[in-house]
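Scrolling down, you'll hit the structures one after another.
In the two complexes that follow, chain A is the common piece, with chain B as its partner first and chain C second.
Our next item is the complex of A and B:
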């Protein structure tokens, strides 16, 4: 496989992580706590889409190898994740009225509840969307790039969502209010911004993106009750790498972590090809840079970046 | 003010009155209950048996007394044994199969009873992880005080439980589904499913017979995957050109698949679990890679067939520990299982079934319900000596007629059992080939 091939794989995987990490960072910046239920919010989106797709079916035509029905399912997945997150905020996080550590611990419990509910309804086995898997696009195979139309659909949809969020944050009233609130919630409140309403919208957007990420993760891999939670550690790494609380940082961090994860085989090829001296160092590097440590390598790079920029890629000089 | 005071008095009076009335009503209730209690034996009886339950939990010797007496059987609570199962986590498919098998076995045991008492199984979830398994076993052994523990599914989990909870105690541990090789090194840890070493040998022979002199292997990064792979590498005559572990429950295995493809081998061997394997197949399919697939038993299952594209694994060969499906007792088990659950049983359900029957027989044959006594009988009731019987009812009858543990040789639905000195059973293997996206048995191999 060529570098291009690994880069293409990395792009697909990054798209999913970016969708997850934006929501996590957004909620952190405005609701002010690290939401451990975020991964399971992704799972909810995926399963809601699974049920919807099962109910509506393909609906005739298809775009990029995906039936029309799947896009309806995607929307339902986004909406379902948003509704569940807003409901949780309204009925649990808001009435609790505790500090951010308390909320963090609560969110771990919420994550277990989400997962248990999904397990009760769907069992603990894995499953897939009833969509015929595709073979790689023939015209790209000579370049060593083996991606399917589904992969292109994942990347394309992620780009649309990310650009949409960018437009929302930069050019709309709600976006300005959200940024104001992220900067200084008290000042935002005395300037007449209805902070509670903005907070709810933040949950809608963050959870909606997570739901979309979950649906794509299901399409890319498979659905299982632990799918989101298993990805959560990587997503947290992406958010911290980008600078927690920064949406654009989360995009960059998610992209980088996904890329590193998928580029590990390439790194190990490079290490093998390089004339490293002395020999023991070469052997050590060869045994360490190998795919079973893909996540560990991503975390080492994260630590290295944080040593240079303690607040992450997009973090400000002082917090 | 005065008005308020009056109100207050009124309220007080009212409260007094209500309180008095309430007391009268309550006392009425009390006396009624007493009368009723004296009148109906039923409620007294149940109180009595509750007391017995408490005694059983507190002290195994009390259970023994009842056992020896043989007459007070009806009033005794059930014999409680423990089971650690993968109800959730990556091995939950095995856990579900185990639960069906164990439930059926429990039904059959309790139709007959053990010296007039019932058997009950306290099931705890291991979450398919070592830590969860240890916590579950600690709860069962240290809090519930079970002398017999069935568990666990994953070999790593079984070993972790044995080393941190069971070793050094008298408690009997019988793993229902572990096939990891290192369990053989722990004679105190029994298992119902045959060791994976036989699988590794069979796979190396099959791959060599099919004419491949190069193979790429990927295995799940735990004790099970590592030990099976090591045994395979030792046994295989050709060259292992790629040999790399992967972690469980990752969201992408495309690196593994592309490295296997770059290795140039035409035969790919997967020693991993169903969910991981299904992901790899899908990624190989959508990357357009072609190879002859081989797999250990843990990669086979309906969920793999349901979640991989039609035709993507045709021709794949898998070696699975197999129940003796031509034997009469297995066929009887299979048809009963099918009418109960509407599906064919797997070997994994059969192993769990035999675990429960074996446990029940060892309890009946033992002098007392303690770990030390069960250690004495657990191997002997299904060992090669004694009259061969194929059901709990028949075996129980011999024991009830005064037979000792050596007078019975329970032949399980999963095989003859016959634990050897390492605690491993005699088993045999079936070679499956995927044809038209379904598993077809093509051969049997002695284990």
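Our next item is the complex of A and C:
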């Protein structure tokens, strides 16, 4: 594959990571804790869509290689993820009387409960949406770009959702309230903002985007109960890279991490080609920069960023 | 001591939670004892479970000295456990490539294969890893530390999974000897002991054979490990060093204002805990005689976390209790799957762990046995003229106070 091909793959994977990281960043800044159940919220969206798609079927026509039924399934996935997240907030997080570290630990318990229930219901094996896999688009293959219409649908839908979120945050009343709350929750509250309601909307938006990300991840790869948890650390890497609490930073971080993840085979080609001296260093680098370590590379970058800029690339100088 | 000389008074002195835990533990032990007598539970398996409980208690002690003492959110328990386990396994296992590589080196070659060398190597590697992971992460805010440590643990797991030339990849390492192999008397002890046949209840005899004596040795080993660790931690916790750690936990800025180098203290606490976790890993290797990358799964980390938060953060007795609960969940789900409900034990375990975390955080965030007098020198209490007769409410508040 050429560089262009890796970049195209990176763009598709980035779209999924961006959808996940925006939600995580929103919840991080407004509910004020690192939500470890976010990855499993994605899994919920994916499996809800799987069940729906199995029930409604294709419904005739298709857009971008995806039957109409899939879009209904996508919406159901988003709604299911949002409902589960709001229910969890109402019944678990809200009554808790603990600090943000306690909430973080609780969210791990929630993540395990989500994943265990899915695994009990659907088994731990990989599954797929019942959609015919497409061949890469012929006209792009000469450039070394092997993307399918499905990939274009993923990127397109992600762009629509991200632009929608941007409009919501910048131009609507709710968006202004959310930004105010992220800045200073106490000040927002004394200014008459109903912070509880804004928090609920944050969960709806964050989990909904995660649900969409989960559905697309299932379309891009496969579905398994661990899919969300496996992606969670990559998403955290993206959020931290962008600076926690900054939605636009999360978008940039997600884009970057997704690209790096998919460009790993390219980097390993580069390392092989470079004349690195001494020989053992070259061998070490060659064995470490390989596709198996694509996720590990993302974590190492995350830790490196934390060392140099504890508030992320786009984060403010001090918190 | 006082519990022995005045058992009734010691019983009355317990808080409600302590009494409750004591009651449940006694009932549980009684249940296991009856199962043993009737032959429903094999004696070797029972001792294996005791060894496993001791192992989880040890793991929880390690986490406790990081989270409970200093407030470090370490989500890389599985990594240090795995480093101890793999370190020892690779040195001692017959199938390990390390033995072949070092066989020609004069003195080192003869040392490879001894479990005690495996123990040392496991601890040294864990020490190096603790320093390497600690340097970048311990300066971070608490929640960043959680994310970064979970990520680094995942890196360790990926390396173990993918470096097949060293770790045999997903197939894991087999052919590991027991811990006492090569020791003067103890290595042949299980074979040397006579096979016993006990018939306590007529018709269901219990056989005590070589595997039983082997398991008994393992239990004694873990008792030595965890007992030693418990004493060291209790001493450390009450020392001035432990007081600094507790200050960091409740208010790091305060500790810094008092002139303490908090980074250095956090690093010491992190290393101490990591070494204890690696010790648990070394023991696990020689108990289970097999290690695979599955043992490095994040679930191992959260077993230890559940044990610690259930027992009470900062409480070593609590960690002990938590270790027993974890084994009950781990082996109980397997038992349930075999005999009662045909549910795959893996997700059921996950579900139970999740539910325990949520329920504890909801109803008793300070844990069931929060540290109270553990933190105070005994003579500081006994030395006072009147024995403190506090009602339990005040005591519970005290216990909760250390939990912030």
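Simple rule for what comes next: the second predicted complex is superposed on the first by the 302 of 319 C-alpha atoms of A that agree within 3 Å, B and C clash if a C-alpha of one lies under 4 Å from a C-alpha of the other, contacts with A are read in each partner's own complex, and residues count from 1 in each chain.
Just so we're on the same page, contacts are C-beta pairs under 8 Å (C-beta built on N, C-alpha and C of every residue); 3 or more make two chains touch, one makes a residue touch a chain.
This structure is a prediction, so every number in the text was calculated from the model and none was measured.
S.K.: Looking at the combined model built on chain A, do chain B and chain C fit side by side or clash?
M.R.: When both complexes are placed onto chain A, chain B and chain C end up clashing with one another.
S.K.: Regarding the shared-chain residue A:113, is it in contact with chain B (first), chain C (second), both, or neither?
M.R.: It touches chain C, and chain B stays clear.
S.K.: A:124 contacts which: chain B (first), chain C (second), both, neither?
M.R.: In the superposition, A:124 contacts both chain B and chain C.
S.K.: Have a look at where A:237 lands relative to chain B and chain C in the superposition and call it first, second, both or neither.
M.R.: second
S.K.: For A:292, decide between first (touching chain B), second (touching chain C), both and neither.
M.R.: A:292: touches chain B and chain C.
S.K.: So, does A:216 touch the first partner chain B, the second partner chain C, both, or neither?
M.R.: neither
S.K.: A:136 in the overlay: touching chain B, chain C, both, or neither? Say first, second, both or neither.
M.R.: Only chain B is touched by A:136; chain C is not.
S.K.: Just checking: does A:227 make contact with chain B only, chain C only, both, or neither of them? Give me first, second, both or neither.
M.R.: first
S.K.: Would you check which partner chain A:70 touches, where first means chain B only, second means chain C only, and both and neither mean what they say?
M.R.: It touches nothing on chain B or chain C.
S.K.: Classify the contacts of A:306 with the two partner chains as first (chain B alone), second (chain C alone), both, or neither.
M.R.: In the superposition, A:306 touches chain C alone.
S.K.: Taking the two structures together, which residues of chain A meet both chain B and chain C?
M.R.: 119, 123-124, 225, 290, 292, 295
S.K.: Report the residues of chain A in contact with chain C in the complex, numbered from low to high.
M.R.: Listed in rising order, the residues of chain A that touch chain C are 33-34, 92, 95-102, 104-106, 108-113, 115-117, 119-120, 123-124, 225, 229, 233, 236-237, 240, 287, 290, 292-293, 295-296, 299-300, 302-304, 306-307, 310.
S.K.: For chain A, which residues are in contact with chain B within the complex?
M.R.: Checking each residue of chain A against chain B gives 1, 5-6, 9, 13, 16, 119, 123-128, 132-136, 141, 146, 148, 150-151, 217, 220-222, 224-227, 230-231, 234, 261-262, 264-265, 290-292, 294-295.
S.K.: Could you please specify the touching residues of chain C with respect to chain A in the complex?
M.R.: On the chain C side, the touching residues are 73, 136-137, 139-144, 146-148, 150-152, 154-155, 158-159, 161-163, 298, 302, 305, 309, 343-344, 346-351, 353-358, 361-362, 365, 404.
S.K.: In the complex formed with chain A, which residues of chain B make contact?
M.R.: Checking each residue of chain B against chain A gives 87-89, 92-93, 96, 221, 244-247, 249-252, 254-256, 258-259, 261-262, 274-275, 278-279, 282, 285-288, 303, 306-307, 309, 312.
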